[in-house]
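Labels for the chains are A, B and C, by order of writing; each one numbers its residues from 1.
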Amino acid sequence: MFFTKNLASKIALLPMIIISLTVFVGCIIYSFVYSLTGSKLIPAFSYVGFKQYERLFKSRKWDVAVENIFIYGVVFTVGCLIIGFLLAVLIDQKIRGESLFRTIFLYPYAMSFVVTGLVWKWVLNPTFGLEHSMHLWGFEWFQLDWLVNRELAIYAVCIAAVWQGAGFVMVLMLAGLRGIDEDIWKSLSIEGVPKWKSYLFVILPMIRPMVVTSLVLIAAGVVKVYDLILALTSGGPGYATTTPAMYVMENFFSRANLGQAFAASIIMFLSVVCILAPWAFYEFYYRSKEAKA
Amino acid sequence: MENSVEVKKLSFNYGKVEILKNLDLNIKDGEFMVLLGPSGCGKTTLLNCIAGLLDLDEGQIWIEKDNVTWKQPKDRHIGMVFQSYALYPSMTVEKNLSFGLRMTGVEKSKIKEKINKASELLQIGGLLHRKPSQLSGGQRQRVAIGRALVRDAKVFLFDEPLSNLDAKLRAELRYEIKKLHRDLGNTMIYVTHDQIEAMTLADRIAVMKNGVIQQLDSPKKIYNKPSSLFVADFIGSPSMNFFSGTFLSENNSFSLNKTTFILNEYQFENKPNDMSEIIFGIRPEDIRLKKSSESLEFNIELIEPMGADTLIWLSLENIPFSVRLDVSSEYKLGDVINIEFDIKRASIFDKKSELRL
Amino acid sequence: MNFIIEAKRPKPNMSNIIEANGPKPKHLTIGRIGLYCFILMCALFFLMPLYVMIITSLKDMDEIRSGNLLYIPKILSLYSWPKAWSEACTGFVCEGLRPGLINSLKITIPSVIVSVSLGALNGYALAFWRFKGAYFFFGLCLFGAFIPYQVMVYPLLKIESAIGIYSSLPGIILVHTIFGMPILTLIFRNFYASLPIDLFKAARIDGGNFLKIFFYVIIPMSTPITIVAIILQVTGIWNDFLLGLIFAGRDNQPMTVQLNNIVQVDFGVAEYNVDMAATILTSIVPLAVYFLSGRWFVRGIAAGAIKG
């Protein structure tokens, strides 16, 4: 009885159930199990406990990768949110050519990370790029050698990523702004509240759900960053812009160090959980609280 | 009495569409003016023009002896209550009330004083620390009014403030608004499409259609002596019965195909020409049960009990019409009854111009 | 508050002489000028890379070396385009991007069809035929959208090897179907949940079963959300690099992978004009989808962001 009821629906959802279990859950378990082994070229069950994790945390390269993902995560998320919100507010001012500007701000989002990386690699090229242009215009002091600068290369990645992703945040924020009841604006206008104060104290709190959604979607994408850096800096100069994702891929496919790669990927996964869990909790808690009120 | 709000020759276009056409309206000090009309008649546009939320195309607006045509909404001595109340959801009631004052740099002690006064008057003192989402519809409405109160508004504008509520609450809040007007004595302009609200609240009603004021009068006058077919049809529920026929000046009568009514009791404002086409309108309550030489005989075709009274449907030369009867009258479908039209309470319109005759 | 100055209207500072009448005189405020300046600067920043990409591809190498990155070409050179299309070298093979384009088409078209169909079916089952536990698996599936690919690629590679489709067209199609499933199921479910449930009840009373209702009632109503889903998937799969690199196999490498190979050559002289032409060629499909679909693309983003 239990199996035959709604049978068609169960059959239809079978692929989703199988994939959820084998790929999404199965792969995490698989990765975790083999992260406890000393696997090298092929997965082998040679239990070593948490040795791989120990090695990982002692690795200088992993340190750099974590530091980079931190810088990238903060600069990229904050940059995207601020610029995206600002662009959405600008677009919301009943300006002329609104759809043209919206198209301009969003088109980078249609481009792949590889293309984004390659374009910015060319624009930031220290010999022929923007720096060269500025020198030709007489600004000899101008320096834009970020791609070959160990300290600044990661910020070049951030610029390219913000360029690509800010439009996405703009679209979400704009949807939030357009959802604001027209009467709220009328009321603010009658009370004589200045525009910027209205946005900061009334509108921003009202579109909080959109802000949180943008934040989570962007933050969840941070950990995945791979193609962009590969195209822009290939992780260099040296390994100055390497990230956890690159570290994992390198250990999987070029260094034949599976155990280490599995351990690193599990850490990546856990960091995503750390980002998602508060949000999921907040959503759940906040919603149930709202529902009661 | 002095005029509180004067709208002079106002026109408003939306693109190429004329929404308001050369409109004049004077509202007296302390008056409760209701703008009534079907959706799309321009009543909300007119209100927004008065508030300064829309930029008009021609004409002037004066509020309290001040030409405010080019002034910002905040400088127009107005407060406004919206259909959705437009309370700021992230702030408590107290913050909602004080927000405008704080943002425009009013002294703290003064804000406190004003909030206390407003919350006392509106009896929302106990709600000051709640968020709008924790308030009932009626409480929200009061807070919205409070926001207009703390601004010391001379003129209150209401934009369909009751249409989001259920019938019971609507009646309750209607009463509250009326009491508030009695106590405050401010000028109020109130937009609605609900004729009951208009009738109960207004000192005067402006019935609008297609951007033009059709009739501006007291509720009583509008109900009893509608100036046009549109007003007659729009006001009143159940609505007025209409019969289209010919006027015969020979014996001062109105003639359908087979039936003729003598109109001696009706006071014409303009007497129509002989044989001109007219529309004869009569409200369901102005038809009486009576058996006499002049009464007509009908079969009851439909009965609609409405609680306080009963509506019965008859038809005259295939035109259905309704009669409002006391609830105590007990009739069944198919019963034969005799009725008589109260001609002096009827309304007669010219068929072409649709104006009252 | 508008951008036009209308001369015939009286100026505001004369309002004490001329009575306010008619529309408020329009004049530019400083804030408004600043607003337009700022938005124009932002637009320039966003357009600059596209502009640089296009003009660089139209210059010859001499001008690139000696000239200004931001200047339009003095001599129009079309040398780079045919080279990028059919001659540029990826490693030892010099066939340009053309094979990559064909591979990308071979990957994208079936992947989009399979993943969108499955997403629609999942969304339909979840919205109308809920059974106990269905939402648990749906939650699990959504959770999958947030797992970094790096955690899944290797085990998935093992699974595909075991089935024998690793490094092949079916292999990469399966991978795209798997990774597209969470978002597609979500947007279809949300769309179907917003349809009037009475419609479904009426169809059931008329005797429709699971598949009949899906084909005759639901699918005909799904056009808008299907367009959104297709746009989402076409751009997503076309722009994919990592999955194509690992799962497609040497013979089926998509355009993005070949582009990266062309540009990142370790030997020979870098030809920036060819690189840029190749970059433009690779982004033509997603950009065309974006510019042609405009509003739908935006709707796709918004739909994807709606929380489940």
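Operating definition for what follows: contacts are C-beta pairs under 8 Å (C-beta built on N, C-alpha and C of every residue); 3 or more make two chains touch, one makes a residue touch a chain.
None of these values were measured; they are calculated from a predicted model.
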Name the chain whose C-alpha centroid is most distant from the C-alpha centroid of subunit A.
B
Comparison of A-B and B-C by number of C-beta pairs in contact, larger one
A-B
Calculate how many whole Å lie between the centre of subunit A and the centre of subunit C, each centre taken as the average of the chain's C-alpha atoms.
16
Quick check: how many Å separate the C-alpha centres of subunit A and subunit B?
56
Distance between the CA centroids of subunit B and subunit C (whole Å) is 53
In subunit A, residues with contacts to at least two other chains:
none
Residues of subunit C engaged with two or more neighbouring chains:
none
How about subunit A: which of its residues touch subunit C in the complex?
5-6, 8-10, 12-13, 15-17, 19-28, 30-31, 43, 87, 90-91, 93-96, 99, 101-115, 118-120, 122-123, 125, 128-130, 132-133, 136-137, 163, 167-168, 171-172, 175, 209-210, 213-214, 217, 220, 223-224, 226-227, 230-231, 234, 244-245, 248-249, 252-253, 258, 261-262, 264-266, 268-269, 272, 276, 283
The subunit B residues in contact with subunit A across the complex are 48, 51-53, 72-75, 78-80, 82-86, 88-91, 99-100, 103-104, 131, 133-134, 147, 151, 159
Subunit C residues touching subunit B in their complex are 12, 15, 19-25
Of subunit B, residues touching subunit C in the complex:
55-60, 67-71
Interfacial residue positions of subunit C with respect to subunit A in the complex
1, 3, 35-36, 38-39, 42-43, 45-50, 52-53, 56, 64-65, 68-70, 118, 121-122, 124-126, 129-131, 134, 137-138, 140-141, 143-144, 146-156, 158-159, 178, 181, 185, 209-211, 235, 238-242, 246, 256, 259-260, 263-264, 272, 275-276, 279, 282-283, 286-287, 289-291, 294, 297-298, 301-302, 305-307
